[in-house]
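Per-chain residue numbering starts at 1, and chain names A, B, C and D are given in the order in which the chains are listed.
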Amino acid sequence: MPETLGFIGLGNMGEPIAANLIQAGHPLRVYNRTASKAAALIANGAVAASTAADVAQTGGIVLTMLSDDRAVEEVCLPAGSFVERLGAGGIHISLSTISPAAARRLADHHRKFQVEYVAAPVFGRPDAAAARRLWVCISGAAEAKRRVQTIIASIGQGTFDFGDDAGAANIVKLCGNFLIASAIESLAEAFGLAQKNGIDPKSVAEMFGSTLFACPVYQGYGMRIAEQKSESAGFRLVLALKDINLALQAAAASSMPMPFASMVRDRCVSGMAKGRENMDWTTVIARGVAEDAGLK
Amino acid sequence: MPETLGFIGLGNMGEPIAANLIQAGHPLRVYNRTASKAAALIANGAVAASTAADVAQTGGIVLTMLSDDRAVEEVCLPAGSFVERLGAGGIHISLSTISPAAARRLADHHRKFQVEYVAAPVFGRPDAAAARRLWVCISGAAEAKRRVQTIIASIGQGTFDFGDDAGAANIVKLCGNFLIASAIESLAEAFGLAQKNGIDPKSVAEMFGSTLFACPVYQGYGMRIAEQKSESAGFRLVLALKDINLALQAAAASSMPMPFASMVRDRCVSGMAKGRENMDWTTVIARGVAEDAGLK
Amino acid sequence: MPETLGFIGLGNMGEPIAANLIQAGHPLRVYNRTASKAAALIANGAVAASTAADVAQTGGIVLTMLSDDRAVEEVCLPAGSFVERLGAGGIHISLSTISPAAARRLADHHRKFQVEYVAAPVFGRPDAAAARRLWVCISGAAEAKRRVQTIIASIGQGTFDFGDDAGAANIVKLCGNFLIASAIESLAEAFGLAQKNGIDPKSVAEMFGSTLFACPVYQGYGMRIAEQKSESAGFRLVLALKDINLALQAAAASSMPMPFASMVRDRCVSGMAKGRENMDWTTVIARGVAEDAGLK
Amino acid sequence: MPETLGFIGLGNMGEPIAANLIQAGHPLRVYNRTASKAAALIANGAVAASTAADVAQTGGIVLTMLSDDRAVEEVCLPAGSFVERLGAGGIHISLSTISPAAARRLADHHRKFQVEYVAAPVFGRPDAAAARRLWVCISGAAEAKRRVQTIIASIGQGTFDFGDDAGAANIVKLCGNFLIASAIESLAEAFGLAQKNGIDPKSVAEMFGSTLFACPVYQGYGMRIAEQKSESAGFRLVLALKDINLALQAAAASSMPMPFASMVRDRCVSGMAKGRENMDWTTVIARGVAEDAGLK
């Protein structure tokens, strides 16, 4: 019989992930700062905890899906937090995209309470989360990863293990977001060149998306850029910029120059300056390229 | 019965393409500056022409696969060239990656002799050419494209049509090479970050190559970069830089800023400065990133 | 008769500045974490305080010259700090190059104790400090700036006032360091082009240093780069990178894209990666340019 | 008694330079494609030649001030050009900013007619030309440079000799324009940061223009950027971009990566895309920075 789990953070991503855990048969104790977001889950059998700490059971497992380093630290570090409640044998599965440095600090903190920190950041948008089509990067202590294996398998379509270092999974997650951002910038530049030479960017997107770059990122982002749709429900610029900054901070901490990342960061900062913090990053980057090119 | 074709330029790419045309049943008249390269084709039934012009028959079709603008212009523009020999009803299928501007100039030139210029640059390395797995971009007059359709189908796995403009297919080809170069740079930066954080780049390449970036470019280049193999038989830096310069010239001609292209160009110029003109571009770009990062 | 002053931080810059205050007739109470550095000043009449707080007198003036945000905050923020000792009517002249955000936070903090924060970051190396040839940017409350006017005049050759905002002087200081870094990078690129074309960079440095760019930065840095001297006593890379990062953080906080700053930052990160953290920034930037160019 | 000189090219720069040669006592034979531009000079004693070749006298000296490589080549290379008329002992003083490669080709060409090519590109705007305040870079054969020394001295305030290589003076000229462009970009970025933090860029321009950067470029361009004046009579973008492209071509030819130059080039290409080809480059670069920053 599946284990009872705690779950903290029921935003766009957390809510569908929690729903899938219920679906997989796990009794769930949930907490969200804005309690109303838990309603649908409770209707499906989840139990509402009145504090974040209350989701935890001694020696149990708690998942968190929160927005950034500070949000994760605020539920973990104070005295009496869910981490202390978990105590010996407990595991914290941290799904958030946070800095590798914060992940390492949290792992150290948890160890004092004999709790294992398993980093498990995910790739995928809310619809992918709902469809259990996330890709999950994990890192942490081997035994803890074994224990949570089926839990993680129940929220995504594949898990990739990057070893013991609590920070490693987040490094890979940041690499991925950086690779996507670079793909967006390069597609926008290429499509600008095509458009200025009388070629429909959609036909270019179609060709590359079905040949050399026949993969989800180039197909999805390529068509979105080519069609110049401005998206409402995507990845908001502020969050995208947060991740690019995390990548550059991790890069600085390990003395790794990343000129493409620097350039994409400037593109995003320019988007912020133009008041586009709530637009999808794809739109912001592509529009920046188009404006520099005098298009539209 | 398949038409007799002329073929000029039997280098790494031209030779296997010509072989596939023979395979498809076309009688072939071939010419190469270094005649010895034609030996294998002649053994398979091709007829050696003693001059480039001699490969042409009135109203026929000639394919060229040459290294750059100048090489194509040198066989096309002089009085008595194969283009004049083709004359009314003739078609020149130009497989080379050349500048869109040169393609347009050639189309204008050919028109004086009632010859159609069909641009047909290809994606793929020599092994892909041999395996008939090239992707072909075409542009030019509609009727001419119809006539050469099966010929082009016999050398690749797919054809993409970008309209009437003789320069269009080359614009798309340059977009493609630029996208690949950007992917290489971004992969090299991401893998550097991973490596400096104790993560094996191969595991990162494997994950992204089987998920978000499950496509030939990221799989092939990703693994080559992660394994830090230096390749002998790849795409030589001088040729890669030639193509990036063509992209930037086409961009300048249409007032299209391409900051990623500029940055990759600087990376390649640095490779030239370090004496790596004959190394594969993947190795050169990745090594440049690694050296800036103090790796090895 | 000149006022008694407190002085905290007797490093390469602080020590000669403090000496000039003594020279100007100010009785001085000094503190440095490493007490031995105060010896020369004490021999000249300064009084050694046993704690940082002890340098302060009620309603008096304290100057600090410390390495970064944290160092300044550590002497200012704890209960019982020199700021509390100053109390009503006190002034803190902060000479350090710190973040504008930290300066603003400190000003807010000080206000609780009725202490004014006058930001006064300086331009100039230790020898310029000794020669009273520093340039000083100041910002803060008007009356406080008036009271410290002659004090600041006694340590430099000119003072520039940037208004009330405690962060303003540091913004200007960061602008200045960014301008210098950009000048270094551009000189190194230009000299590389000259050198590769058989022209002695020194002759180029001489021409521009006596014509279009006849100013201290281009003359001084220009000749240093052209002569490829590696300097021991200059501005260490770690400190330079600290300042460039401060500029980029201030830029991010105000949504200001600074692509040149991003590029210089990558150049410095690369220098860190190559183990050059203790070399002069001029040497590190110029050597990075030269290595990318395959020189030496 | 001063020697009779030929002068070809009476544009914004050529006309005031020619006037100064008359002022210095030189009988002048002038030619301009648009003959009307010679009127003022003829009124002052110049003799109008009916063809470019006609300005030359056997063994004499001809100066040219033309817009680009092609314009210079078109007056020099055809049979019967002024170069042939000069013949043995003749000297061509080429004031134009052209590519070092073209300068070298011209020197080779001239040698066949025993004519010496002295490269003498100048720094300064039309008003500086009128005021004899140009700075002149020269290179070429030593004896020829000696013979033209007083002529060149009469058009500027200083001459800098870069040796025998006909291309050298133009390399230095391109270095200079690149350094100015980099200074403009960096000033615009710094002023943007200041402005976004409530600091008047003029006060920043004043400080740096009177201290660290107390030189003509930073004073002149600094104030122009800070005041956001759009200039009519300056250095038009198309010409500025031409020079930056020449610098990058010379850099590519000598395998010299110049990332700042690449970035400034993209900035100028963006200006072209926005239809600003006839605006002053300072305005274009500064406005590009401001737009990326969401200012105005």
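Heads up, the rule we're going with is that a contact is a pair of C-beta atoms (placed from the backbone, for glycine too) under 8 Å apart; a residue touches a chain by one contact, two chains touch by 3 or more.
Remember, it's a predicted structure, so these values are computed and weren't measured experimentally.
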{"item": "Each chain counted as touching subunit A and subunit B at once", "value": "C, D"}
{"item": "Taking each chain's C-alpha mean as its centre, the one farthest from subunit B", "value": "C"}
{"item": "Copy pair subunit C, subunit D: interface residue numbering same or different (half cut)", "value": "same"}
{"item": "Length of the line joining the C-alpha centres of subunit A and subunit D, rounded to whole Å", "value": "54"}
{"item": "Euclidean distance of C-alpha centroids - subunit B vs subunit D, Å", "value": "40"}
{"item": "Junction residues of subunit B, two or more chains touched", "value": "251, 255-259, 263, 266, 270, 273, 292-294"}
{"item": "Subunit B partner contacts - residues on subunit D that touch it in the complex", "value": "245, 251-252, 255-259, 262-263, 265-267, 269-270, 272-273"}
{"item": "Footprint of subunit C on subunit B - complex, ascending", "value": "266, 270, 273-275, 288, 291-295"}
{"item": "Complex contact set, residues of subunit C against subunit D", "value": "100, 123, 135, 137, 158, 160, 162-163, 165, 167-168, 171-172, 174-176, 178-180, 182-183, 185-187, 189-194, 196-199, 203-204, 206-208, 210-218, 247, 250-251, 254-261, 263, 289, 292-294"}
